[in-house]
Amino acid sequence: MVDVQTNEIGKLAALVALTDETAALDIAPQLSEYEVVTGKVGSMELKKVIASVETAAKRGNLIDGETYRETHALYHAIIEAAEGVTRGKLSVGEIMRTVGLSFSVVRGRPYEDAREGEWLAVCFYGTIGAPIKGKEHETLGLGINHI
Amino acid sequence: MVDVQTNEIGKLAALVALTDETAALDIAPQLSEYEVVTGKVGSMELKKVIASVETAAKRGNLIDGETYRETHALYHAIIEAAEGVTRGKLSVGEIMRTVGLSFSVVRGRPYEDAREGEWLAVCFYGTIGAPIKGKEHETLGLGINHI
Amino acid sequence: MVDVQTNEIGKLAALVALTDETAALDIAPQLSEYEVVTGKVGSMELKKVIASVETAAKRGNLIDGETYRETHALYHAIIEAAEGVTRGKLSVGEIMRTVGLSFSVVRGRPYEDAREGEWLAVCFYGTIGAPIKGKEHETLGLGINHI
Amino acid sequence: MVDVQTNEIGKLAALVALTDETAALDIAPQLSEYEVVTGKVGSMELKKVIASVETAAKRGNLIDGETYRETHALYHAIIEAAEGVTRGKLSVGEIMRTVGLSFSVVRGRPYEDAREGEWLAVCFYGTIGAPIKGKEHETLGLGINHI
Amino acid sequence: MVDVQTNEIGKLAALVALTDETAALDIAPQLSEYEVVTGKVGSMELKKVIASVETAAKRGNLIDGETYRETHALYHAIIEAAEGVTRGKLSVGEIMRTVGLSFSVVRGRPYEDAREGEWLAVCFYGTIGAPIKGKEHETLGLGINHI
Amino acid sequence: MVDVQTNEIGKLAALVALTDETAALDIAPQLSEYEVVTGKVGSMELKKVIASVETAAKRGNLIDGETYRETHALYHAIIEAAEGVTRGKLSVGEIMRTVGLSFSVVRGRPYEDAREGEWLAVCFYGTIGAPIKGKEHETLGLGINHI
């Protein structure tokens, strides 16, 4: 059994990305207190990865696509997660590599103090490597932001 | 139950860092085919974080501290994991933040083809934030290298 | 006369940092609709620059120092402004240079749509260079975040 | 009235980019001692932004397009200003964002000591954000180089 | 005469890139104990530079293209060498510049201790600059990795 | 014999750093048309590396320490060379590594067109690695600037 505190929004997002929402709910029932969106994307273009998460979050009503505030919060959380995926060089195809990723976006209130309001966690898990099947290894990235 | 493939050395390292070795073994029994070292470190200095993982790996005989080859492989895996933790700026105290991290180092043969040899995964999970209790959020980073 | 739109929170912050609050109010009377804090800091340590802005913002009640949410929003705006100051290398003394900066922090509602809520702008203006008087040139940086 | 010292080439460039050359001359008459070129550019490609400034500076005879020396000085001043605009990630469209910028290039002798010769300041001011109208915030960047 | 130690795999790679394999062998006969591949590439796309080195190394049997382990070791050595070429911004055409490079890849056993095994050095030497003949200066980069 | 063109100031600087001034003059007699300064520095602090090159250049009258213009040109050439040495992370001790470097600074007129004036090349060659003797590999970096 995985020990997950209710307020560990990042750990919850990571468990969803590493497994799937059903398995994550099984391990960590407190995930039910959060809104969750998941998806998959494979690309040599980072902008497609970013757009894929944004589209999933808007379609899943996890963020309000009408306001820039929520788009801005999500964008920076995605970029921070992408820094973990790309480890120091925010590029994929430009430096001859490709990614195949599962992602989760989790939204809710991780802090006890009500004034802390809502936060977002974005997690990517998958592979990064040469654009040839099998010539790749795993990668992981987490971004967190207030919304 | 978490679906973990035997060859997913990064997912195994992440599960250990997110929980602990016992819980991770319970979820993913295939972890027993790998060598694992864990530890904890809190600091405003990245070099202490790096040294802490290196010391744990040498003391746990996970790497051969006598050869530069193994030190070099581990160092780059640590730095890649630290890129995820620091998200784009490989600094902690210099930019007024502190980290409190659990880490795992996992060594073994994740690829079926024997010629692929041994690989290392380093994973950090914990908090990053202002040097004031509670003014922080979660962070995660994974680095993988051949050894 | 400088043409400043009420919603140009970044331009307002820049005018304050380039001059001072009185001069900026004279040029751009719409600044009175925002909360403003200013200060000065000279250092070879980026953490002192960051701490100086944070302290000024808390003392001036521009942010609520009790909640992490507001600290987090301000921190990232400061870091983004510091990227402009340091231009690609988030370091000062570590690479043998020093800064002497005036800063402004401006908080308010720059978007017409009420759902956009409050935003923050942080601007630095001053000098960067060798730690010898006169061996320096000007530098400028702006960071913006939702709060 | 904005207090601008004759030698503050960066502040002069910033005032021009934040307003326009006429307004800047009105605020800071000492701008007349410098050569100035201005322009506007909107793009998802950083290379178009760079090319736009280079072309304006050559057409306006602000730099001698025949010599690499002057091209080199301008190029690095543009890149430094672009670091402020992009804040830590020298990418625009690759990470799913777009810029709409006004720019100024100012050339002259900001130091009293005649041996310091000529210097260049490049300033960008405008917006950066999602490629959707209104989903953006302001951005600013300044680069300075000897020529 | 250039003083080159047998174990200086980086210096050997640099001499090959700065001159050619014949001249380098003449200066440093110990190069004969290593496997060497050389090539040339000019491009505004970093991925073409990377692919060019990878293809040369595979065709020259310097690495085993069948195993990911060797591809991974070479890839990171190329990226490290490219960091020297691009100096802090792993981009070429995206920031309006082009490269014309000679490269060398050297493989062998530079350490006396047999346990250190095989290592790789990748060196680039050539020009970087505006995409106009003559508007460029020299550039150099070296990457080293265990294999 | 190494083929070196008179105008290859970067190759000349690299040959001096890889060997020494006497050996380099022997290989490339055209080096005598340039001013050259050399030195050695070992440190875990990048600022000491930078200061060491600046001091050598001033003491050797290679640059005029009185003018900021020349200090500025040298500083940026040093930083570019340091990017090659540190490969993507402008840090040494902060990320638990140390450098032992020989350096050269070469000043002169590499372009045929007299209007191109004087340029500087800075080259570092040495080792980088763990702060333990032998746990290190070679590193190289070149920076070039107009002066």
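For reference, chains read A, B, C, D, E and F in written order, and residue numbers begin at 1 within each chain.
Keep in mind that, in the parts below, a contact is a pair of C-beta atoms (placed from the backbone, for glycine too) under 8 Å apart; a residue touches a chain by one contact, two chains touch by 3 or more.
Listed by chain with UniProt protein names: A, B, C, D, E, F = Hut operon positive regulatory protein.
These figures come from a predicted structure and were not determined experimentally.
Q: Would you mind working out whether subunit D and subunit E touch using mostly the same residue numbers, over half shared, or mostly different ones?
A: Mostly different residues: under half of the interface numbers shared.
Q: How many degrees of rotation carry the C-alpha atoms of subunit C onto those of subunit E, rounded to the nearest 5?
A: 180
Q: Tell me, please, which chain's centre (mean of its C-alpha atoms) is farthest from the centre of subunit B?
A: Farthest chain from subunit B, going by C-alpha centroids: D.
Q: Between B-D and A-D, flag the pair that has more C-beta pairs in contact.
A: Higher C-beta contact count between the two pairs: A-D.
Q: With chain centres defined as mean CA positions, report which chain is farthest from subunit F.
A: The chain farthest from subunit F, judged by C-alpha centres, is A.
Q: Please report how many Å separate the Cα centroid of subunit A from that of subunit C, as a whole number.
A: Once rounded, the distance between the two centres reads 30 Å.
Q: Compute the distance, rounded to whole Å, between the mean C-alpha positions of subunit E and subunit F.
A: Each chain's C-alpha centroid was found; their separation is 20 Å.
Q: Counting in whole Å, what is the centre-to-centre distance of subunit A and subunit F, each centre being its mean C-alpha position?
A: Whole-Å distance between the two chain centres: 43.
Q: So, what's the distance in Å between the C-alpha centres of subunit E and subunit A?
A: That gives a centre separation of 36 Å.
Q: Provide the list of subunit E residues touching at least two other chains, using ranges where the numbers run on.
A: In subunit E, residues 68, 72, 79, 88-91, 94, 137 touch at least two other chains, as defined above.
Q: Show me the residue ranges of subunit B that touch subunit F in the complex, using the header's touch definition.
A: Touching subunit F from subunit B are residues 45-47, 50-51, 54, 68, 71-72, 75, 79, 82, 90-91, 94.
Q: Which residues of subunit C touch subunit A in the complex?
A: Those in contact with subunit A are residues 64, 66-69, 72-73, 76, 111, 113, 115-117, 145-146.
Q: Under the definition above, what is the set of subunit A residues touching subunit F in their complex?
A: Subunit A residues touching subunit F: 88-89.
Q: Can you name the residues of subunit B that touch subunit C in the complex?
A: Residues 89, 91, 93-97, 129-130, 134-137.
Q: Could you list, by residue number, the parts of subunit B that touch subunit A in their complex?
A: 1-3, 8-11, 14-15, 18-20, 23, 26-27, 79-80, 83-85, 87-88, 90, 119, 121, 123, 125, 137-144
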